[in-house]
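The same subunit A turns up in both complexes below, where it pairs with subunit B and then with subunit C.
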Partner chain A sequence: MPKGGKYQLSVDETTLPAGVSFTKPEYQSRSILVLMGDKKVLFGFSSGEGGGGATSSSFTWARISQLLVDGLFFGILIALGAVGLNLIFGTTGLTNFSHGELLTLGAFTAIVLNELGLNLVIAAPIAVVISAILWGWGQNRILWKRLRRRKTGLIASMVVTIGLAITIRYTLLLIFGGSPRSYQQFAGQTGLEFGPVSITPKSIVFAILAAIAIAATVIWLQRSRIGKATRAVSDNPALASATGIDVERVISVVWILGAGLAGFAGIYLGSTQDVTWNMGQRLLLVMFAAVTLGGLGTIYGAIVGALVVGMFVQLSTLFIPTEMKTVGALFLMIIILLVRPQGILGRRERVG
Partner chain B sequence: MSFLEPSDLPPTGSPDDVKEFSRELNLDASRPTHGHEASIAQQHASEAVGALIRADNLIAGYFPGVHILNGSDLYAKEGELVGIIGPNGAGKSTLLKALFGLVDVTSGSVLLRDEDITNLRADQLVKRGVGFVPQNNNVFPSLTIEENMQMGAYQDPKAFKERFEAVTDLFPALGTRRKQRTGSLSGGERQMVAMGRALMMAPSVLLLDEPSAGLSPALQDEVFVRVKGINASGVTVIIVEQNARRCLQIVDRGYVLDQGKNAYTGTGASLANDPKVIELYLGTLAKA
Partner chain C sequence: MNFTFVLSQSITQALGVTAIIYCLAAMGLNLQFGYTGLLNFGQVAFAAIGAYSVGVIVISFGASLWAAIPIGLLASVALALVLGIPTLRLRADYLAIVTIATSEIIRLLVRSIALRDTFGGANGINGKMGQAFHDLNPFHADIDLPFLTWTRQDLWVVTVGWSLIAIFTLAIWLLVRSPWGRVVKGIREDENAVVSLGKNAYVYKMQALILGGLLGTVGGIVWAIAKQSVQPDNFVPDVTFFSYTILLLGGAARVFGPIVGAIIFWFLLVFVGEFLNQMIDAGWITFLLPTDVGPIRFILVGLGLMGLMIFRPQGIFGDKRELALNAR
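Let's look at the complex of A and B:
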């Protein structure tokens, strides 16, 4: 823009990539006041599964089934993040407000590798490993382990997570700028038609991989020696230590796992939507809602909670504007907590 | 469930015996003197040689500058059953926690087979053969009985099967209800799980923090019988108890703690019949 002033902008919809449409027709053209050096998101795009493509609030079976499928996929995505969030909370008591940034970091790690020339198929697994080791294990080693050793309180630690989240977000904004990026592969996929439901192949692949990762985590927790130790540490870290479990080692493993799953979720989100500096933050509250309404500290609760929230968020767009769909998740959380304070699958322990 | 044969009940004494005894005593004389403390420390120094575990002149507390232990000594020889009793706030549990590195020991030392283990991390102590059963929250409620036992054998998973069989010999109910979540168990049942789990580590010395606390009299008897049984199987046991009379009935040797120091020490029977011990501690229990 040469100078500030009022501009009228419009987009020719036929020039857009396939599978991309406006969330609302009135977004196609808008006038805007531009100040020098200012940046704004001018056009709200939706890539098929995000807003379902539809703009009217029609109660057709086609639309409802599309939203259910979208909800299921969104639920699996939330579950990837929620499982890690819940494991870290369970073992360390840390309410991690920077968990969303683990998603963002995963997505950006993959973007960097992708832009260096690696195909996403190769870049994604490498980015997951980097997320697990650098952003998970490294973060715990450098920051949280020290704070635990210093016996920092949980509230103080929570404030640190908020500060860390802001630091990571704005560092990414500084380095990569505010404009959304997308991976070079599989960007504008057309959806496959299953009756009334349209799903992109990449969504299917990601959702299946995510479901496998979640199932593997659950089996690991139930069956493996260190998985059981993780549950023991979640129950009572002091007793776990007195039983001979190296608690710090278990916590390291949990950070590696949680950050790896979160990094994978970030790539999933970045591939089906786009990669932005605040993508994880937008999902954070939904993840918290999933964990809380499912039952804090229970792994099945986090998964069930994520699926419920995912479905509910998508279906709520039948009644409320798409922009407000996250509000529905928080509303649902409050309702469920009023009825079942321990969450859907939360258990109350016998005292004595 | 029952863990106990009726014939296993330990002998009991009535609180009235103690009351009767205490009338003959002079209260001021029952407080230990400085010279008495010095002789107890000397006795410790000469007897503790070659002990399995020994603590010398421990000074420890939860906050800097606030000492709960003011120079406690303690030792246990291989195969001994040692009891620690004393009034509320005397530092009984703190002494046990100091042995297990759960409170910061600012001065003094804890030796296991003459190796310094002062302030070592709990899981490293377990590796060296020290087991600890806390008073409260001593099971993993979301884990089953069997999983609790697996956690006990965490450092030596290959030995799980063999040790679990040994533990179920001692506590048959743990075997028959192995798939039950321990969060649904009663206090007495949890105590059995906690002791069983500690035995899964095959400890050479087991530290028990008030195992009978909060249990009904019948269950308390059961716990004491179990403790005696564990000791009989070759494990050195150090037990902290507020139920002092029962405790002194089963132990080989006891310590009476007062204000973070050893006030009296001797065999269980001699302490139980020591008029000064009765006045200082057993007597107050009888009134309660």
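Let's look at the complex of A and C:
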């Protein structure tokens, strides 16, 4: 735009790719007041939930390799959330339907710091620490520890997670409003070309950091004392407690770790897409699909499951419209439950 | 500040069509969650099946409403079987995850562009899908009492709706007092004990899932007939969780729980919303915008759901001995 003022804008619908339509017909033409330096989403397009491009059924190698890379990156992102989800489930038995909100809270913590003037490079690590302490440790301390002491049942606790998710989501909507936000740095990056594949530099950095975080978690679980204690509690809390492991301490650590990883996932997601009040909720079911696929409660299963789901979601767009890619992942989850309910890496045992 | 308007709106809504729909959904959850202990997080899927059966069969295919209703109920049974077969043998949380996932699958399918010709995409299906029902309307005038205002159409839907609820409540009352009811309550408290007594817990759980789902589907059918429009984004998971809040408010495992819960829930929700709106209009509250009222209502629901489940899982009128959800 050359300068501020009132502009009349319209989009010729015939030039849109197939499968893309307006979210509301009146958006096709609208007049807006443009201020200098202002950025707005001018046209709301819908191609189902989660946006993304339109359907294209071309089976080119370029497209397949691009989807594989996208799938790998998406899988790493899901793994960040799924590991925490599964650790919390493993140690406390709680199926946490408010885990998606841990992602959202992380992303919004970073947005607040970012808008206070901190560069995202500095804001992101601080936000991860705040996520881990405030949203993870604090949440466990204020809510879940007390519920465990009151001996609230697991089914009742699951309903509580739902109430918590609704409360967090709409509190964020109330405070920050419904329009999507983005971080001030690295917003509109152009992709680097690697042969047929195009990736933005920020995605590479985030994916590498995420992979390191996941690898560190795995090593920590294998080698460190508290990591081994975590696996012991996941295996059998009563027995672990009898051998002198402080179960409550392990659970605190798991919440800190899980919320930290989820907060990081939120910033990753917010940086590659947008920061919105329901961003975590939209990813929750995909995370559940990953966890169920790998086996509820098995930590390595969550990682394998996340990578499989990530790849599956992206590659499925070769056959089904982009808007339905989540549907594919959820179908995959239900099929897995039918044939192998303990998940890919789960132990064969009665889960009924 | 028009307090009479606030009160009249609240009472009208508390007894109105929306309360009836949510009451039916909560009655289904009462059978599943309250009596049998099944955590169905996808009740909205059953409502969507009912509403879309009416919309698709009447508007898209041009068939009769009286054909649509039984087809919707059959589809609901089919959905319950699809959900139950893989999950009812597994731990409670698997059913929760699969049901919430299925409700989203159904919503994403009906709002998809690929199936727009049948389901209408994001705009849904709009048209006189309930006309066959409204043609039977015996009422000739709108009702306009000081605290109750309904149009002639709404009055007819409300009359039939509450009558249906009365019939279903009687049926549920008889059902849970029967041997069947004792078995499902036994499953809720200790499934292994029931299995060791030679009962096939899986079959009983499946029956509870089907019956509860059918009640949700009736709610969906009422929705389509009353509102003459079905849109995919009306069927988000939040509907299920509103129904849970209603159930817990009135008292799970109480026959009248959903009715009491639905009336109180919608009275409070509309009252708070309208009251805040009026305060903002009158300039008494300056730190809120009219658009903030929606989120505030949701926050109250979320806090209410948490608080009820933690402090009074038996609900306002429930009996704590009746409901020991700590079995597993």
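Operating definition for what follows: the second predicted complex is superposed on the first by the 293 of 352 C-alpha atoms of A that agree within 3 Å, B and C clash if a C-alpha of one lies under 4 Å from a C-alpha of the other, contacts with A are read in each partner's own complex, and residues count from 1 in each chain.
By definition in this document, contacts are C-beta pairs under 8 Å (C-beta built on N, C-alpha and C of every residue); 3 or more make two chains touch, one makes a residue touch a chain.
Because the structure is a prediction, the values reported are computed rather than measured.
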Subunit A as common anchor, with subunit B and subunit C clashing or fitting: fit
Touching partner for A:Gly195 - first (subunit B), second (subunit C), both, neither: neither
Which of subunit B and subunit C A:Gly117 touches, first, second, both or neither: neither
Partner chain in contact with A:Leu337 - subunit B first, subunit C second, else both or neither: second
Subunit B versus subunit C as contact partner of A:Ala229, first or second or both or neither: first
Vertex subunit A, arms to subunit B and subunit C (CA centres, degrees, nearest 10): 80
Which superposed partner A:Ala242 touches (first subunit B, second subunit C, both, neither): first
Subunit A: partner with more touched residues, subunit B or subunit C: C
Shortest CA-CA distance in Å separating subunit B from subunit C in the superposed model: 13
Doubly contacted subunit A residues - partners subunit C and subunit B: 352
Complex interface listing, subunit C residues touching subunit A: 37, 39, 41, 85-87, 89-94, 96-98, 100-102, 104-105, 108-109, 111-114, 121-122, 238, 241, 244-245, 248, 292, 295-296, 298-299, 301-307, 309-310, 313, 325-328
Footprint of subunit C on subunit A - complex, ascending: 19, 21, 23, 46-49, 95, 97, 147, 150-156, 158-160, 162-171, 173-174, 285, 288-289, 292, 296, 321, 323-324, 326-327, 330-331, 333-334, 337-338, 341, 351-352
In the complex, subunit B residues that touch subunit A: 100, 102, 121-123, 126-127, 132, 134, 137-143, 147, 150-152, 154-155, 157, 183-187, 197-198, 201, 214
Complex contact set, residues of subunit A against subunit B: 225, 228-229, 231-232, 234-236, 238-247, 298, 347, 349-350, 352
